[in-house]
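Presented sequentially are two complexes of chain A, the first with chain B as partner and the second with chain C.
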Partner chain A sequence: MQARLRRVIRNTLITLAAPVIVYLLFFGLTRLMGKQGFGIGPDLRVIIQNTVYSGFIALAVSYNLTSGRFDFSVGSVLILSVILGGTLATQAGFGPVGMVLTMAVVGMACGLVSGLLYVLVKLPPMITSLGLAMVFESLGFMLNSSKGIRLIGRFDLLIFAQFPNNLYLLGVALVILIYLLNFTQFGYNTNSLRTGQKNAVDVGVNEKKNAVICYVIAGALMACAGAVYLSQYGYLAPQTGLASISFIMGAFLPMFIGGSLAKYSDRNIGVIAGAFIQACISSGLVKLGVSSSVKTIIDGAIVLLFLVYVSNSHKLILKKLQAQKKALALSDAQA
Partner chain B sequence: MKNRWETIKNYFPLLGLLILVVFFSIATGGALLSPISLQSLLNQVIATALVALGSVFVFGSGNFDMSLGACLSLSAVLGGMADIATGSLIVAFLVCIGLSLLLGLLKGLFASFVDVPLFIVTIVLGSLLSAFTLFILGDASAVHLKDALQPLPSFSFSQMSVINLVVLLSYFSLCLVLFLFMPIGRQVKILGGNAVTARQSGIPIKKVKVGAFLIGALGIGLAAFVILVRVRNIGASTASSMGTDVMIALVLGGMPLSGGPRSRISAGLVGATSITVLNAGLTMMGLNIAVIQIFRAVVFLVVVYVASMTYRTRLLPR
Partner chain C sequence: MKKTLSLLLLISLLLGFALGTAQAEPALSEDGRFPVETVKIGFVNYDTSAEQVLAIQSYFEYLQTAFNFEVIWSEALNSAAAEFAFIEQCAAAGCKAIIGYYNEGKSESVKLAADLGMYYFGGAVNADIYEPEKNNPFYVGGYISGAEQDENYLAGYAVGKALVDAGSKKVIVMSGGKDFGVEFFVKRYNGIMDALNEGGAEVVYEVPGWPGTEAFAAHQTAALQTEADGLAGTLTCMMWLQPMQNAGKMGQIKVAGIETVSEGLVGLMQGGIYVGAFSEIPDMFGLSIPMILNAVTGYGEQQRNPDGSAGRVKVLNWVITNPEDMAYFAKLLSGEGDERVFSIEDLKTVMGAYNPDFTLDDMSTLYSAVTADEIRARHAQ
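Presenting the complex of A and B:
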């Protein structure tokens, strides 16, 4: 019991360590450079807002990517669910919660279409999602005379960019996801398919059903990200030419960090910790006076470095184990 | 009988192109095949074909490159800047090709020596390069060749068509020789088909990957130069749809995006022509951008589905 408690405390500390260190690093760095205001007051609210927004996207992408399904259509799902869901909700006179739920339903419907197309035609997910991204983008473009959605000034509806409403939305989503991933058959199946597709299918896991559910969850999460985005800016313009793929960019770093932290805590919590780290880096660079394009370059470089580390970290462990084995063999030979 | 069917299947992409041309000629009342339209189509085909031909090597070897458009626009912007600074088209040409080769080498080295999912690297790289292009453009939205210190030669529509044709035919010949008559062609197909088999067969995987990306980069550099000379105003959004166009082109050309033994060099040329005719035909029919995009998506999915109908696994593909 004591060992279990010790393990829980150790894992919690490890999970929290990375975001806290990055926060403190930028806090110190900005103070050192004579820049005030990082990570406190309004800036902390911006960090939380960005954490919630990119956290939702990273969670959405993680449900498919960790099972080897790269989904190019997530950005287009966000756009379509916000434009269609938002338009329907405002026409029906719904409140903010009703609007988010309507967007989520549209997002889930898009996810259902993505999932069904993938399992029915059995084409690589990159192909099906590229095709559907073009279709969803076009549908979003056709609505409202290509004007997207504009709710500027509708403060009664745009409440999910305000603290703590954004945290409530993320909190509700996290509770559902943690329950789904850790305490349901869907969660067990998802984890088994992630680690060994063939073995999981051989023992009777229904891969098709699981894949469709993952796409539906991803759709709902992208709709939530869209609701946060709409609340922040008040409008969302449609996009074409697969420009919506750029929405995925903000998901990589949180997702990789989430994957690294998954062994210490829940993957969903790890992803949110990663989103917080990304938001701290972003806010810190802004405070340090870095321009938008340079910030994108730095963000990209960090993602690439982290990707290289995540993809190759097992080699370091293997090397260490081999060295230990060699040392043991040598000591045995000497004895 | 089976061999004859396989031979007939090889002509499906050409048949598809023919159907597209006939359909849109009728739908546009012959406007598609008017001399001006044909010249315009030719100029549009060139850039896509140059990138698509090189991409046959990249995609054929099992690599998925999502940074084609960003590499092209950065090469073109820097080529344009070099042109403005020196007044020399040769310098601009060398900058376009040199930078593109450098980026190709970088991607090739990543693919060969760093154990990472390359398509994610290329998505990130694409975003990074677009940001870098915006950074070097500064407050300007584009570089304009008219700002050059020395007057630059400008080319008429017909002259431009001749330049385009010469560039395309030279690059096509190079790709054809490399793909059909040099070891790298076979090695690319084997590597794309099965990396383990390729390694066990003694194929120098790293060299092949770097080589494939360099050949692809040469096409991107040439396309950047051709676009620079033709358009003369280059910004970060130049050729932004190139990545999608090339992927659809390869599929329409009869090549699977996963690469392997069914990769073919003709896919670059036939596919680029098909996607250009498709885009132009739909535009000439007066359809709006959203309908055109849905049409492209449906064609893309249907062609991939039909092409891979005989290959299905019990497990879902990843």
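Presenting the complex of A and C:
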């Protein structure tokens, strides 16, 4: 029991360590450079806001990408669910919660279509998702005379960019996801498919059913991200020509961090920790006065370095194990 | 006998005068449109969902009620190669002309269209396109700013001046792609800065980039923490309204930006939130239709410069600083009612088939008269 408690505490500390270190690093750096305001008051609120928005997208992408399914259509799902769901909700006179739920239903429907298409046509997911991205983009473009959705001034509806409403939304989603991933058959199947698809299928895991559910979850999460975006800016224009793909660009760093923290904690929590780190970096660089172009370079370099580390981290473990083995052999020989 | 002859002479003179001054009526298609044969035109586009493109589509639909042309709209093109491919597809589809709303291939796009036997409209404002091809008979030209200075600089200047005139002293400047070296953003930014400097206003925060990124949101929040009383945009400022409300700054910060005229802006101007907007007139691109139809129907030479080079029609855009003008322009663009910025009757005055005496200067005169008073006066005639 004590060992289990120790392990839980250790894992919690490791999971929290990275975001806390990054936060403190930028807090110290900005103070050293004489820049005030990082990570407190309104800046902390914008960090939370960015964490929620990027976190939703990273979570959505992670449910498929970690199983080898690169889904290019998630951005178009966000757009369509916001335009269609938002329009339906406003026409029906729903409040903010009703609006998010309507968007989520549309997002899940889009996810269902994506998932079914993937399992039925048996083409690589990159191909099916590119095709669907164009279809969803076009549907969003056809609605509302191609003008997207404009709710500027509807402050009663656009509440999910405000603290703590954004945190409540993320909290509800996280509770559901943690339950699904850790306490249901779907979660066990998902984890087994992620670690070894062939073995999992051989022992009877229904990969197709699991994939469809993952797409549906991703759709709902993208709709939530869309609700946060709409609340922040008040409008969303349709996009065509696969321009919606750009929505997933901010998802990679949180997702990779989430993947590396998954062994210490829940993957969903890891992704949110990653989104928090990314938001701290963005906010910190802004406070330090780094220009947009330099920031773009830094963002790319961080993702690259992290990928290099993740791809090679097993070598460090192997090296450590070999060193231990060698030391043991030497001590045995000396004895 | 003398009296009879005099009377006949007078009648024939009057008839001649009447016929001479009456608008020529050219041959029409079966459905009553000009010209008889449908003219297919390819439209090179970079963002099919852009508000301006949607407005151009709506205006072309209106023009199609009188003029017999059909448009093949490109997908969102993002490279010269994609543009060239589209131009070739248009030629294969029987297009007579290309409208270069987007031009990545520069003069090569004009050359390609000409090689394929199609007229090309657009790019007259860009020396890289205009200069090498101005003597190409298939290049019909396009429009340039009727103002002495660069249009984008003037747009920025108008935005800055609107804020200064509204009494703003501490201004947030949203610089868009200036830091990435995007030329039109740099020019707009310079215009804003000059206007603010001349008016004695101070820049309290500069926000680079576009919405949708974490950095933009962080800058936006930091900017709204300042004591700013004005916001100047090198692009639309609509994405600031919600954050302003969340920060409790709605009404405290006056806004001016490069905007697309809309009903929504009317309310914002009436509420004193927006104090100025520079807006390109989407119907300006309707100029392409008379220029192309003139070229196709044998009046192409008439719209060229005296030295034979492609015509450059001088145009002006809207600087809007009061809600009445904004409401009027929004109504014109909405397509409700008969009134448009440039009506079908206006366009007929610069088309050889209807007015064989038209000149390039007539086109510039028409497309430079864009204030609310000028439009009303034109339509009252």
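Rule of thumb we're sticking to: the second predicted complex is superposed on the first by the 320 of 335 C-alpha atoms of A that agree within 3 Å, B and C clash if a C-alpha of one lies under 4 Å from a C-alpha of the other, contacts with A are read in each partner's own complex, and residues count from 1 in each chain.
Simple rule for what comes next: contacts are C-beta pairs under 8 Å (C-beta built on N, C-alpha and C of every residue); 3 or more make two chains touch, one makes a residue touch a chain.
Model, not experiment: these values are computed from the prediction.
K.L.:
Determine, for the superposed arrangement built on chain A, whether chain B and chain C clash or fit.
P.N.:
On the shared chain A, the partners clash.
K.L.:
Touching A:67, do we find chain B (first), chain C (second), both, or neither?
P.N.:
The first partner, chain B, only.
K.L.:
Determine, under the contact definition given at the top, whether A:259 touches first (chain B), second (chain C), both, or neither.
P.N.:
neither
K.L.:
Quick one: classify A:286 as touching chain B (first), chain C (second), both or neither.
P.N.:
Second partner only, chain C.
K.L.:
Let me test your reading of the model: by the given contact rule, A:46 touches which partner, first (chain B), second (chain C), both or neither?
P.N.:
Only chain C; A:46 stays clear of chain B.
K.L.:
Looking at A:208 after the superposition, I want to know if it touches chain B, chain C, both of them or none. Which is it: first, second, both, neither?
P.N.:
First partner only, chain B.
K.L.:
Please work out whether A:240 is in contact with chain B alone, chain C alone, both, or neither, and reply first, second, both or neither.
P.N.:
In the superposition, A:240 touches chain B and chain C alike.
K.L.:
Report for A:123: first if it touches chain B alone, second if chain C alone, otherwise both or neither.
P.N.:
Only chain B; A:123 stays clear of chain C.
K.L.:
Look at A:141 in the shared chain and tell me whether it touches chain B only, chain C only, both, or neither; answer first, second, both or neither.
P.N.:
In the superposition, A:141 touches chain B and chain C alike.
K.L.:
Going by the overlay, flag which of 130-138, 184-192 or 310-318 in chain B ends up clashing with chain C.
P.N.:
Stretch clashing with the third chain: 130-138.
K.L.:
Pick out the shared contact residues on chain A: the ones touching chain B in one complex and chain C in the other.
P.N.:
141, 146, 240-241, 243, 246, 291, 293
K.L.:
Enumerate the contact residues on chain A facing chain C in the complex.
P.N.:
It is residues 37, 42-43, 45-47, 49-50, 53-54, 141, 145-148, 150, 152-153, 155, 158, 161-162, 229, 231-235, 237-241, 243, 246-247, 250, 278-279, 282-283, 285-287, 291-293, 295 of chain A that touch chain C.
K.L.:
Which positions of chain C touch chain A when the two form their complex?
P.N.:
Answer in residue numbers: 47-49, 51, 54, 75-78, 179-180, 208-209, 211-215, 217-222, 224-225, 238-239, 241-243, 245-247, 264, 267.
K.L.:
Across the complex, what residues on chain B touch chain A?
P.N.:
Checking each residue of chain B against chain A gives 64, 66, 114-117, 119-121, 123-125, 127-128, 130-132, 134-135, 240-241, 243-244, 247, 257-258, 289-291, 293-294, 296-298, 300-301, 304-305, 308, 312-318.
K.L.:
Across the complex, what residues on chain A touch chain B?
P.N.:
Where chain A meets chain B, its residues are 67-70, 118-119, 121-128, 130-132, 134-135, 137-139, 141-142, 146, 197-198, 201, 207-208, 211, 240-243, 245-246, 248-249, 252, 291, 293-294, 296-297, 300-301, 303-304, 307-308, 311-312, 315.
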